[in-house]
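Common to both upcoming complexes is chain A, partnered first by chain B, then by chain C.
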Partner chain A sequence: MSAAPADREGRWAWRLTRFMTVCVYIFMFAPILATIVLSFNASRFGGFPMTGFSLHWYGVLWQNAAVVTAFKASLWIALVTAVVTTIVGVLTALALVRFDFRGKEALGTLVILPALVPETILGVGLLILIKSIDQPRTLTILILGHILLALPYVVLIAQARMISVRRVYEEAAMSMGASRFATFREVTLPLLVPAVAAGALLAFTISFDNTSASLFWRPAGVETMPTQILAMLKTSISPEVNALGTVMIVMTVGIPLLGGAIASALTHLNRRKSREDAR
Partner chain B sequence: MATRPADIRPTRGWRLYDPRLAWLLLAPATLLIVCFLILPILVMAVYTFFTFITAGVEQSTPTLANWHEFLTDPYYHGFLFKTLRVGVVTSLICGVVGYFPAYFIWSTEFKHKWLLLLLLIVPFWISFTIRTFSWIHILGEEGLINVALLRLGLIDQPLQMLYTEGAVIMGMVHFLLPYMILNVYVSLENIDRTLISAARSMGCTNAQAFREVTLPLSLPGLAAGLLLCFVLAAGSYVTPQILGSGRDALFGNLIYDTIMGQLNWPMGATLSIVLFLVLGSVAALYTRYMGMSQIVKGLGG
Partner chain C sequence: MPDRVTEPSDPRPLAAGVSAGASAGASAAPAVEFNDVQIAYGKFIAVHNFSLSIEKGSFVTLLGPSGCGKTTLLRAVAGLVGISSGQIAIGGRRIDDVPIYKRNIGLVFQNYALFPHKTVFDNVAFGLKYHNVPKADIAPRVARALEMVRLAGSERKLPSQLSGGQQQRIALARAIVFEPEVLLLDEPLSALDANMREEMRVEIKKIQKQTGITAIFVTHDQEEALSMSDRIVVMSAGKAEQIGSPTDVYDRPATTFVADFLGKANLLAATVKDRDAGGVSVTLSTGQTVRVATDRQVAAGDKVSVVVRPQKLAVGSELPNRLSGRVLSTSYLGSRIIYEIDLGQGSIIRANVAVVTEPVREGETIEVGFDPADCVLL
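For the complex of A and B:
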């Protein structure tokens, strides 16, 4: 299928498309690059122009106890969220793909609802519920809230993968006497690994990054990384915030990329190994 | 399913695909959604009829005062209209601007197409707060544009670009564009390319083939993207908080201030329910005509 249009109108349209695409990519990454560049600024102020290269602000950041505490809090919250959401999400997807029961359609919609209701409303709603039964805001509630927010995405990813895993494999294992659990562990789960990994990673990011709902749900005195950044922005934009932003970008972009690279290298290696074994 | 092996005997009275087992598997997710989504919204709806006494204190005496206040005070209507306007403008900009890259990625013969797609997903990994505040470096008084223009001598006073409605819309477009592009891209990918070849072979120019075949067939994705962008933009409050001035506050900020600032819970509940109903009816209107499947596809990326 030829993409290079032959006619004149088409040629101009294609040029415009290419130009707009370049613009959109610049638009998406220019501000982020500016933040990274400015984090190495020697100046006391957070903006342009650059006055010199320095790692000073990374040192300052490292000394900032509030930031380190918030970072640890977010890390734990995101880890727990990722693990629990992945388990619950895979079980949900299993039920929605493999089973037939009344109300399946409705449940499928119910499960993606948290992704469609604005976070502000979810935030206020849960807060009012807690208040109406005189419960304090706790870390558990915050984490359960994050699980709620991440669940639709994990279910959708697991569902998409599960559909492509044919049920005859599982039925074959069971007909040969494997128990349900053994079948799941030995057959279904290994086939679901890519979806499980992708879902866990996404749940981690969603939780680690969550701002709007966390502002409502966090217990008194607890700051997560995004709420801490928001608090730091209230005074002024300091080079320290830029350094913090850069650290987070390197982490959140680097980890998935590294994970993906390792995974593809491993499959490559495995394939080569099995090819050699075949010989 | 027709080939279900007969020799898989029920274990302890449970059939192979027993609905009871399905419900057991679904229990955690259902419980969570009922307790943390359905129940809160119901309680919130009840709360709109509570009486506000003073900051943080309310009584369960039923009253229509909150609804009366919302319906009669133009202050609230102004917020609602501005929020809807910002949402519509944002999603339209996303639709127009986002269609180009989606189309480009779909039709390019560039070898490293995956890289273009990956770059669309990378922003999802970068903290939303960081992506938003990074605009301060572009639009602010010490931002890239102002510093460059001052150095070039084109202006002698920094331009006020930050803390305006334009900056808020820009920040939202920045955060929503990947959703839009991926939605349109997914629907383009579902087009049977032989249809376009057929149109071309019957004498259509490329432009005609685009107008008559590609564009109409990609509309479901565009529509899903528009809905998603509108709902996310109209429900947001962090972007206006970082990039807007007090005047650019949206409905979400109003809710946040009412609850966290004034501690007026009944009014906060009322405003939340209003936003929920408004956005919900837009979404319901959409699903009525387009169905849910496209949104599911878009979310799944």
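For the complex of A and C:
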């Protein structure tokens, strides 16, 4: 008997929670969904109502030289950022987890700092720095900036994984005659592969869709995808922008998903192979 | 204290399979030698002035409770822990500055530590590859090692497809396949369940004898130590309490710690009454007088402890030393009975006796006896 009112209260609490959750998801995903849906709109105006399904705006996008250039620029910047950040990040994590040296804690904090400082401040800061030493804004500076932004995440991922790779594996390898380098190559690195892959994908994504910092750092005449979108929005809200947005969404969501799918497929394949071999 | 630690090893003959090789190289350097080794972490001293010489082909166990420094010593031999002072030599060669990968040791861990991303074959072949074994010899040697641990044909499996016991056997094969000078075993049985543990105990010992490899084994389990070792080093708080054969440390404990750690002996506080040719008469704190066969030099009035194993006590026997008390608890185990007996004055002993008469019930008085030769004076 006494449980009944509490039950009713509980039920209402759950309903409210569910309602709030749905609202939050709608708030988060409705714009994305709208962009994707509207990119297939046949109308000449970038808004509802839909007048028909069409790939017209993707065709327009493909014809737009500025967009294609920006896309290529973003792709290259993101690729270089991913490669450099992954190498530097994994090595930094290795140093932070496996070695003791002076200033280790300070280094650990410094590496993470760019993730905590607001991007605008970071953008202005780097800009002031290169101005003060009389350097022009170049593509290199832009890429360095992106590396700075992505590094904390790669280090954090690699560090977490490194801690879970037990040290005994390395000790075992060394006891069997493998030098430190051979141990890293044969044992540590293969066990870090998931972290390395995840870090690389994340770095790529962070660089590919970075907007605010890129606005500060990009050299004159260079547009990345996000800055190109901004430039296009200044003149009009053309349905072309919706198509471009959809391409961005597919890239930034699709690439990590694809990476994850490939990784899990590879593990399954390996498992099955060794099981068949064992028979 | 120090004289006990540096006490020369008794020239007991080694187990048959090993003695030939060992005695042939009698003049050769010991397989492993610790000379006044001290290991400190900052201010904490993990190992104090430890000296020990390990004969080639012997099985030596470092036994002690956790935190006694036994694992630290093992890791120092491996080169995973630096020593603060003293020397460690393997085969007469000082290794203080030799990095782990040049020490030629085999290491077996508590949690197997098989490389999860490599097959059994690649795990076992790992050491061969880095010891410059010709490619053509690798496969046959891996096969032989796997045969030795009774896992022939498992080359293509991944460690995750093996049970704990199988993984530890692979780890053992991996550690001995490149014929290291010393095999270091760091609590290799602790992660296994009880049945598997006993099986592995026999297996490790068998393989060690077969290969004639020198082994250092670390454990906190006295049964493992007693059943496997040629010599046992009982350690406590970073010091060697006693070094000797299993029968030495069990029957003739050098300290009360050793007596208590190995098999929970009864420790009776006593005062020396007088001594004669055959031994010593002591008065227990409970008032009873017992005789102890010992050649220890003691004078009347000295405070001593009498150590008696629970199994050495017999109920109502004709033995000369008799103790009587009230039974606190009776545990009937079929062939044996364990009594907890209150001798008065807060002195409680355990007796593990064969079942010959009806069990004495709790609360009743009981008389137990032991032989003067079956106890130790400390």
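One rule holds in what follows: the second predicted complex is superposed on the first by the 272 of 279 C-alpha atoms of A that agree within 3 Å, B and C clash if a C-alpha of one lies under 4 Å from a C-alpha of the other, contacts with A are read in each partner's own complex, and residues count from 1 in each chain.
What we mean here is this: a residue touches a chain if its C-beta (ideal position, glycine included) is under 8 Å from a C-beta of that chain, and two chains touch if they have at least 3 such contacts.
Everything numeric in this text was worked out from a predicted model, so none of it was measured.
Student: Between chain B and chain C, point out the one touching more chain A residues.
Tutor: Chain A has more residues touched by B than by the other partner.
Student: Where does A:M174 make contact in the superposed view: on chain B (first), on chain C (second), on both, or on neither?
Tutor: The answer is both, since A:M174 touches chain B and chain C.
Student: Classify the contacts of A:T138 with the two partner chains as first (chain B alone), second (chain C alone), both, or neither.
Tutor: Neither partner.
Student: Report for A:L191: first if it touches chain B alone, second if chain C alone, otherwise both or neither.
Tutor: Only chain C; A:L191 stays clear of chain B.
Student: What is the contact status of A:R166 with respect to chain B (first) and chain C (second): first, second, both, or neither?
Tutor: second
Student: After the superposition on A, what does A:S54 contact: first (chain B), second (chain C), both or neither?
Tutor: Neither partner.
Student: In the superposed arrangement, which partner chain does A:L91 touch: chain B (first), chain C (second), both, or neither?
Tutor: A:L91: touches chain B, not chain C.
Student: Between chain B and chain C, whom does A:A182 touch in the aligned arrangement: first, second, both, or neither?
Tutor: In the superposition, A:A182 contacts chain C only.
Student: Which holds for A:L16: it touches chain B only (first), chain C only (second), both, or neither?
Tutor: first
Student: With the two structures laid over each other on chain A, which partner does A:T109 touch: chain B (first), chain C (second), both, or neither?
Tutor: A:T109 sits against chain B, while chain C stays out of touch.
Student: Name the residues of chain A shared by its contacts with chain B and its contacts with chain C.
Tutor: Residues 168, 171-172, 174-175, 179-180, which sit in both footprints.
Student: Mind pulling up the chain B residues that touch chain A in the complex?
Tutor: Its residues touching chain A are 3-5, 7-8, 11, 16-19, 21-23, 25-26, 28-30, 32-33, 36-37, 39-41, 43-44, 47, 97-98, 100-101, 103-105, 107-109, 116, 119, 122-131, 133-138, 140-144, 147, 174, 177-178, 181, 193, 196-197, 205-207, 210, 231-232, 234-238, 241-242, 252, 255-256, 259-260, 265, 268-269, 272, 275-276, 279, 283, 292, 295-296, 299-300.
Student: Within the complex, which stretch of chain A touches chain C?
Tutor: The contact residues of chain A facing chain C are 166, 168-169, 171-180, 182-183, 186-187, 190-191, 271, 274-275, 277-278.
Student: Mind pulling up the chain A residues that touch chain B in the complex?
Tutor: These residues of chain A touch chain B: 1, 3, 5-7, 9-10, 13-14, 16-18, 20-21, 24-25, 27-32, 34-35, 38, 45-49, 88-89, 91-92, 94-96, 98-102, 104, 107, 109-122, 124-129, 131-132, 144-145, 147-148, 151-153, 155-157, 160, 168, 171-172, 174-175, 179-180, 205, 208-209, 211-212, 215-216, 225-226, 229-230, 233, 237, 241-242, 245, 248-249, 252-253, 256.
Student: Within their complex, state which residues of chain C touch chain A.
Tutor: Contact set of chain C toward chain A: 78, 80, 99-107, 109, 111, 113-117, 119, 126-127, 130-131, 154, 156-158, 161, 174-175, 178, 184.
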